[in-house]
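Each of the next two complexes has chain A plus one other chain: chain B in the first, chain C in the second.
This part shows the complex of A and B:
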């Protein structure tokens, strides 16, 4: 009997730190896409709450505690990010959900990075065309957007952002983010000298 | 030394050493290269574009047309940098341009003697014959003779960055108007971004001896800048030029981050390109002083009045010892007073206005004009035609004045450029004889200060405040109580005067492109009278300075010649960028590997370890072949891999194929409508090959549909069309049938998927999975879940090679683990990896199609899949696919080809002709879509689209590749070259 071991797409590459910004990997045990069927949103909410989670968030918003985060991920689609390993719904199918929503395991599909620090927003603004000002893109806000030509989902955290990229480009995204971190940090030093 | 003993904003305690044309010089921190050169009496700094005329520093800002230099040496050098904006730094190396062998003695200056032949449009007329000479001889010759600086030819290794910025209010220009607006908006709490191209904020407050509220203007400036920098909601960006205004409140800007540093750390970019999105914009870009055209007005030593005040007041540099001034407005006398205050001699003020009061402090010649100048490498003397008496002296009509610097002021042109980038035209204001920005020229933009004609400091401050109030009224902010300081300065009194008539020499309008008054007159004579025609005929305003100094003068000359007014004549179109933008910064983030993101397949690491050659497939990098010891040509590897699959077992990474989870009560109905064949009848645990049509009836994509539950399907797409198919499904669900309850999402990234193909594939799969893989559990086109230890994997019995084959999918994070296991197990069975090349060979041998055949122009029937379009139901594209032209016999149909003569070469893209027909377009019988060498058959094979192809099996046609000049006789055959009855496939 074989026993395969999982490998993170960013194995050994993070954290990366410069003055004012830290990029680290976040390992969610399970990421599940939830797409409620017609008229089933309330029932899905009841089911989610019974599981100890929060209700589905509004469009462009995040809900739930850190350990069981729910994020809006596009039209009629939500992602449940569970810190517990193996908690993906459809690998251990929950028949209670069968009639309620389309579930797909996406644990391997997404890689999550956390960008934090005083200059996190400035770093992200080098790569992402979104208006990231704290008064506009607030805590609890989430967006599907672009980061250096890669599709990403990002949301604001108390001290920065979490950024989800698809697995196949994770290393590219990491390299672009760390490059932007270097550039911003180096320019900040210039600003302080002059 | 021409450095003044005191004054200026330079740091005299911080000397800076630099080199110009090999000469070691010293300036101070705060100097530009131009001011530092003037401080050393270096007046000759460049040669002109066409005539190689000696040129000096004319201006003190980004409008400078003459003083273009190369900074740096070797590969890291940058040509065409304006010495007037380049800050000096320790070790700066600058070179003059467009001269040979030296700046003082330039052989190409012979062009100046030949000027009569080089008038506007000369090469259109001169180099007409013979036609073939144009590209080979004339153009290279002209390009060598005329020019600016040259690129090093080495790759630009500098770092560039780009970024996105958002603000409530973008203020362009940090002069009096801009700063006043920033102060008001900043105090009101708006998010303000102030951009200024200079390295010091303040605009003309740095260059003039102004007073505000009775104190030096510098005091107000210092206080204001301190307050602005203390505000968290205000970002002041110096060295940042807003280069263009675009739709939706978006502005492009270039920040020059380290052009002023000799030894910036590695990570510091040279420049950053900003895309700024602003809710409102205040354009406070100031004004540019314009020259007056007169004979030989381009000599080193002739300078703009505002520039001279900058050099004297800001940089503490004397531009000359005996300075003369030529003006049509009050700036002339103001300059004279500043010069005298700095201890510099003023020999004459030549005022074109006859009706102004004489200033007894100077030799003030009224109603006078400069009609000639002398001094080839530096001004020595001017000739003045005067008609006035001054200081009781009667002057003759013509007099010569010894002078080493002639200061010129022809009035001001408000910098309206950015207000015109969306197509608006500026409007004429007679009192200042200038165009100002039109109201509402750019949505959300308010114009303030000199840019809207408010020429005095007081008026500019007031208009900056008013502009901020306008913005606040629109955005709903509350204006803090704020008063603009009072300035004693008065507005400009000007009487329009554009050029001196009747001089003997050429009078320059465009210094950058060497265009003179005579050239404009010639354009007029030859009927290029619209300003746009004149511009293109003479090349006026087309140089790097984009006519900042030249345009107004030229159109005034044209207005004069046509008898129209200046506003009737109109301006040419202002387009982005405002100042030249380096290609490097536009391409920031896009160099080398950063050009596009690269998608890695799960077997990427192992493929690298095995030395595989990779090939791009969309954004994916896929292994193309895996060379082994002794294999020096890709064909050797490819042949071995293909035979290995046919004889034993091969494994291939097929993760990049699109995978879409389709779920919901209406999933089956939905798939019936999007696929041409019937899907709803598919049993759970079965897979079906399926074809999808476009609305117009052509094939969109092919793939497989696997059913995992009553309401759960997984469909696959080709790598190339994955995004397109998902978009198409989204369109169908949202627009065509919003009533269907179906959900889908891409799971391409979730699953690492590998094809295991060959007679020994079942053995390999059984060794891998916990339970044996039997033909009962996994018959051909079966699917289901299998366990690999604790892991649940998906297994599909499908084949793209014609062999018994499986595809196994595991969550992508286990991909690398599975890859290594597969590698080991395959090796045990005498098999191994096969890449894209072998994959292509295998599918061609079996007669399967890819997007080489499904090129968007074929129907299902054309490629032999007509029977798949179900007659029992409707689907997207079905009706359109039954159009007369798509079902007629005269269509290209998919067939196979094999060589039938001495030549065995089959080439992709080559066309086919009937034997005996001339190989011309009219006789075309079709073309080859894909070809390969079949190691199994021992000769090349191909797929081709041939006219009525299926009815011509056995016929011989001639392949002609016109490009590679190859001809081959081919036999038309079935596209299925191996195992036509599918015995190998089903096992």
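This part shows the complex of A and C:
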């Protein structure tokens, strides 16, 4: 059998850097969607904790350790992330959840970018209608929102933001972000923004 | 215009998709007859003032919402999860 080489959706395109902002690609070990069935949320929490993880986070929040990070991903949906890069994972949904929740492996469905730097928030403000000031959108906060007409999961990280988009729009999202980075950096050079 | 999603909070209108009158939630039973379905599919109130509407938080949490909106001022009077309204929990 031919040995195929896996490429990311943004292969060779990132990192992209301008004065004040860096956009880079992030690759997670595994992304699993968890959608608890009606009335089963408590049982799902018990199961997650028995596996050494945390309970499901509140709306718009994040919970859990690095190998079992849970983020709220919309109405009735959570994503279980293994943040360790390239960690080996089993894509077979855990049968212990069969009666409790719908599980699906979404590792290659999402593309994750990280935007960092002093002007990261200004860059996002060009594309996203959310109030992203540090005092409002804090550490541990996550939101489903719009980025240049695309549905994204936006997540506050220690030094910036992580942006999750579905794989099919990865390059469009990347180009809109890098364009906004160019625009912010250029206006800073021209003294149009402080 | 902004809508306060019960899950996501106060959000810009561009995150939402407007579907139509909330009457769409009151689908007649299968045997209700042609007149009932004609009414369900085609006939709508045209109020001056509060109108009950279905909105979808498409670029957000993807919840369907029941929105009461004053169509003459665009004032949003209430926003509830359609799921909760349907199950009588709103």
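Everything that follows uses one rule, which is that the second predicted complex is superposed on the first by the 176 of 194 C-alpha atoms of A that agree within 3 Å, B and C clash if a C-alpha of one lies under 4 Å from a C-alpha of the other, contacts with A are read in each partner's own complex, and residues count from 1 in each chain.
Here is the rule we go by: contacts are C-beta pairs under 8 Å (C-beta built on N, C-alpha and C of every residue); 3 or more make two chains touch, one makes a residue touch a chain.
Just so it is clear, the model here is predicted, and its values are computed rather than measured.
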Touched partner set for A:167, first chain B, second chain C, both or neither: first
Which superposed partner A:121 touches (first chain B, second chain C, both, neither): neither
Which superposed partner A:143 touches (first chain B, second chain C, both, neither): second
Chain B versus chain C as contact partner of A:32, first or second or both or neither: neither
Touching partner for A:129 - first (chain B), second (chain C), both, neither: both
Partner chain in contact with A:185 - chain B first, chain C second, else both or neither: first
Partner chain in contact with A:59 - chain B first, chain C second, else both or neither: second
Most chain A residues touched (candidates chain B, chain C): B
Chain B and chain C contact sites that coincide on chain A, given as residue numbers: 75, 129-130, 149-150
In the complex, chain C residues that touch chain A: 7-9, 11-12, 14-15, 57-63, 81
Interface residues, chain A side, partner chain B - complex: 1-9, 33, 35, 37-38, 75-77, 91, 101-110, 125-133, 136, 148-150, 166-169, 171-173, 176, 180, 182-183, 185-187, 189-190
Chain C-facing residues of chain A, complex: 59-60, 74-75, 129-130, 143-146, 149-151
In the complex with chain A, residue positions of chain B that touch it: 159, 161-166, 191, 257-258, 261, 264-269, 272, 275, 277, 589, 594, 596-601, 619-620, 661, 663-665, 734, 741, 743-745, 747-752, 768, 770, 788-792, 810-818, 821
